[in-house]
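What follows is a pair of complexes built around subunit A, which joins subunit B in one and subunit C in the other.
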Partner chain A sequence: MAEQTATRVSRQSRRRITSSPWLLLAPSIVLLALLFGWPLVQGVLSAFSGDSGLTLGHWQRLFADPYFLQALRNTLLLIVVVVPIQLVLALVMALLMQARPRFSGTHFYLWTIPLAVSELAAGLVWLSVFADRGYLNSFLVNLGLSESGVQWLNYDNTLTMFITVVVAELWRATSLVFVIVVAGVQMIPKDYDEAAQVFGASMWQRLWHVTLPLLRPSLQVALILRTILALQAFAVAQALTGRNFPLLVGETYEWYVNLQNPAVASAAALVVLALSLGTSLAYLRAMRQPDATG
Partner chain B sequence: MTAETASTSRVLPPVDRAPLRRRKWRRAGVQAACVAITLFMALPLVFIALAAFSGRAALNEFPKSLVPSEFAVDTMTSFLAGTGTVPALGNSLLVGCYTVVLSLLFGAPAGYALARHTFRGKDAYQLFVLLVRALPIVVLSVPLATMFLNFGIYDKVVSVTLVHTALAMPTTVLITASIFVSVPTDVEEAARVFGCTKLDAVRRTVLPLALPGLAAASIFTFVLSWNEVLGAAVLTLGHRTLPAQVLASLAESPQAYRFAGGFALVVPALVFIAVMRRYLLNMWGSTLR
Partner chain C sequence: MAEIVLRDLVKTYPGAAGPATDGVSLDVADGEFMVLLGPSGCGKTTLLRTVAGLELPDSGQIVIGDRDVTYLDPRRRNLSMVFQSYAVFPHKKVADNIGFGLRVHGMAADEIRRKVSWAAELLQLTDYLDRYPAKLSGGQRQRVAVARAIVMNPDVLLMDEPLSNLDALLRLSFRAELKKLVNELGTTTLYVTHDQLEALSLGDRVAVLRSGRIAQCGPPTEVYDQPADEFVGGFLGSPPMNFLRGVLVEDGDTLRLDVGSQSIGAPRELRPYLGQHIHLGIRPESMVAAEPGETKGTGVLRGTVQVVEPLGSSVLLTMDTAGQQLKVQAPAGFRVDPGSELALDLPVDTRRWYDPESQLLLEVR
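Take a look at the complex of A and B:
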């Protein structure tokens, strides 16, 4: 009797397990744990351990490298400049789409192509524009604006290099923000805007008081995602300038591939991780604040 | 008679055309802005295509005319004939296809579970997946390279595939979940009623209905794998994927090679977006949150 109930219980529990969603989730969890969790732990360990136990030597080497501080500065500057411009540009593009211009299908196709263009390809595309004998310089000379063109990618001209990287990043990644914002705009019911129109709100008032507040979730997602992705930018700068305009991830690549030092490379990578975790947490906090008080 | 009607119509207040005119101006402004943005997005693509198809002499001439003085395919052919280009192309295709299959095998069941079950820990799982998304690939690629070296699978198609699968996993799970949500449960239940086992019901009813969406998700995954540079560059040495190959030979290659490489990497993007246009907003837009 007791045996019977025991088998029944075990059969029941077995059924519960086989019909449990965790069985379906397990493969993905195992894969992610193996390929994300384990290397993450390994990376942290290798960044802090040397031949004789714990050490900060790798970090000292990293910070002593003049390229590293430059890379840190460049990366942060790039984010501060690119991300706000991208948000505004993408918002403008989404509102233009909303106005249903002629050939909107073609416009939409061309605006979203950069979504599928890799970072490296984007850098090479803009290289054809900004190279010394490239199309921009040809254009300037043909117009008579410049004698022999501007050396945009010259190694001692940090400002123009920065500009080229910013333009290439704007071109490459604005589409991503655009798509997120368009998806958000489409989910806003038309009634709100029409009601505001009936009450005589101007275009700017409707944008500021109706559309933007309703778009907030999409804008938040876009902001966080873009910041994290911008922190990882490197192939654009690599294709345009080589190591003359270092970025953080590019430094990791440099330390691993060319300098053959995985430990310092891990340390540099951890800086990227810390920055992306820090900024996402900061965003989430800043965005929660108004809700908590209001 | 006619003069009389004319005089009465003259008494009518004049039509205020100002709003109409304003509307017209606004439409023109919208149109102009659209064209300007389109030029910004499309012109660089035109330039790289022109650069990839101009001959040696045309590439070196300065200032360039917009239409190159001679069209030639030798830039492209010398890129394709360069050492490692064709094998790298093959590796890229292989890695892309394997990644699609693996990520669907691992991710689709999870997506199905998220779509059909409510269970404790669902939010935790979703949070876990999102966290993984936020991890920069650069943090993982270096320790993974060491790990793969120890396991003896460094510099293999398998190793790059594994990393790309892990990278694609979060989006695959979320996208497939949204696809399975849109397949009604009734058909599945009907199949069960007619005696299908649970697995059979899914195979015979849900999968065919979800197939278009799954195909779109696969293309998305393929693009992700095709475009990934850093992980592939760190994890391979001899068996590079195409982006990794181009990146590795950037420093010592002439500009013609770089333009040709850039063009070769861009072409699939044009095709992908043309095919995916209908799915774009669902894939990149709403599943991102």
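Take a look at the complex of A and C:
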């Protein structure tokens, strides 16, 4: 009798165990399907369909737009310049933190503040710096370095516009890389570095042979995240330059809101998606661990 | 190869209550195997790390060979180290791990290969040179760490509890292997451990540390047989040395230690302590247990057996002697029931006498 009850209980609990993962996953699956899956399907559909069935017309419109190729070029240029600088900066900052200088806790919080600032707000702050009568120009004029300041954000000076966007993006988004790298550096047992010291490695050799290889997983995460986020850079450039320095996501916004054309906007968004996927895969492939773990 | 001279090394960690090493002076001869032994927190690892240059002393001096290296970078000291955690680089193959030090010193590739294969041969790692450490067992990783250290042909070899992460059987076999290896190489070695068996079996000399100071430094047999103070006697040995408290009394023209209802002969050199408390130290294996009445003499104490623990190679007895507890190691075949009376013979040359206040050994010979 008692034995029978026991088997029934165990059978019941086994069924509960096998079904419970799905039960627990269900909310997030539903959420993802509604908020990501459905818009994705809709976006793909609207990018490829017109009034008379399937069409590539939206894509032709997109590519014919002079702003689009500019935006593509600017976005890629921004990634190529900003992401490596951010990686190096974040690495240097993390290594400085690791040396545990005085007030390192305070430094950590100061360096991570930009994480908490909204993208648009950051853009507006930098606008007040780089505007014709902004802080930078008044500073230059007061020092007598310039008579009336530099028109950093002038629409026909692409280089200075690019520089301002780079500076603002560096300030705003390096902290993300920094936080990831700090976490990674702290995960590395000190023994490895000490062993390298004892066996005669110089500071650069220790960095090259020990710290960087052991940081590889963190660097990989930081690189992928930052590249994807840089592809989506928008508000900072919008606040600083409007459409004078177009970026891909800015163009998506332009087509959707100002030009009232969701189909072409979807096509532009798909370009961003394709680039994100492509670069992530490339990174994962290029930085694949040798047969070191497992 | 070189000798090590340590002079008055003091190191206090920021925020620590007391110094980690408190004026340590130690001379290690060229080619000597010196073991630093002590309980955790005694400063032995700090001392080793100071020699390595991973910690800088607050004051004092470190000389290796003819060079004062006290404030030199670790990489300029020409020493190598085996870490407790092995610290074998997970992202480098075994061969690259062993050759790491040679490579950062800028040695030519074929020279590195020759030396690496020599070290790999010595440590039986030849078949594993192309593997990553993750594919090795703990013992093999430890071998890699040792190979990486000896391949440098360093002035000084430092080892920080290198065997403590191995399982018991492996530890035993690797201990003997390590001793043979270091003997053959003849490298001056500083070896840190908290395992007294390791210390006694490996060291040419053993330095016992206690709260940042060297309590005793000498050959293993001396440290074991003649502990300089009660701490060393109580730390070395398993079970440790017994200490009997008693009062020194006069019996005719001889001295005796009165431990309550019984007494035991004491050497005449202790006369200054007459009428005072004094401690008698004796090793569990030095005492000979027998049926009462079989032995008589000035060196016999009686006791009641409280616990009998057969340990295979011996039988450990916990005895009550005049209200004081004694651990006695009897031969494996010894049979006795708890509660029975035994006579304990304490051979004269195994008795050690300690001042109860300073706890220091009193010279009686």
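Methods note: the second predicted complex is superposed on the first by the 270 of 294 C-alpha atoms of A that agree within 3 Å, B and C clash if a C-alpha of one lies under 4 Å from a C-alpha of the other, contacts with A are read in each partner's own complex, and residues count from 1 in each chain.
Simple rule for what comes next: a residue touches a chain if its C-beta (ideal position, glycine included) is under 8 Å from a C-beta of that chain, and two chains touch if they have at least 3 such contacts.
Model, not experiment: these values are computed from the prediction.
In the superposed model, A:Ser52 lies in contact with neither subunit B nor subunit C.
Within the superposed three-chain model, A:Val117 lies in touch with subunit B and out of touch with subunit C [touch as defined at top]. Comparing subunit B with subunit C, the partner in contact with more residues of subunit A is B.
Legend: residue contacts after superposition of the two complexes on their common chain; A:Asn142 is shown touching subunit B, with no touch to subunit C. Of the two partner chains placed around the shared chain by superposition, subunit B is the only one that A:Pro27 touches, whereas subunit C remains out of contact. Applying the stated contact rule after C-alpha superposition, one finds that A:Gln197 touches subunit C and leaves subunit B untouched. In the superposition on chain A, contact of A:Gln260 is made with neither subunit B nor subunit C. Overlap of the subunit B and subunit C interfaces on subunit A: none, as no residue is touched by both. Those residues of subunit B whose C-beta lies close enough to touch subunit A in the complex are 27, 30-31, 33-34, 37-38, 40-42, 44-45, 47-48, 50-51, 59-66, 105-107, 109-110, 112-114, 116-117, 119, 121-122, 125, 128-129, 132, 134-147, 162-163, 165-166, 169, 173, 198, 223, 226-230, 233-234, 243, 246-247, 250-251, 255, 258-259, 261-262, 265-266, 268-270, 272-274, 276-277, 280-282, 284-286, 288-289.
In the complex of the two chains, the subunit A residues touching subunit C come out as 189, 191-192, 194-202, 205, 209-210, 213-214, 216, 290-294. Chain contact summary for the complex, subunit C toward subunit A: residues 52-54, 73-75, 79-81, 83, 85, 87, 89-92, 100-101, 104-105, 132, 134, 148, 152, 158. Those residues of subunit A whose C-beta lies close enough to touch subunit B in the complex are 19-22, 24-25, 27-29, 31-32, 35-36, 38-40, 42-43, 46, 92-93, 96, 99, 101-104, 106-121, 123-129, 131, 133-135, 137-139, 141-142, 149, 171, 175-176, 179-180, 182-184, 186-187, 217-218, 221, 225, 228, 231-232, 234-235, 238-239, 242, 249, 252-253, 256-257, 262, 265-266, 269-270, 272-273, 276-277, 280.
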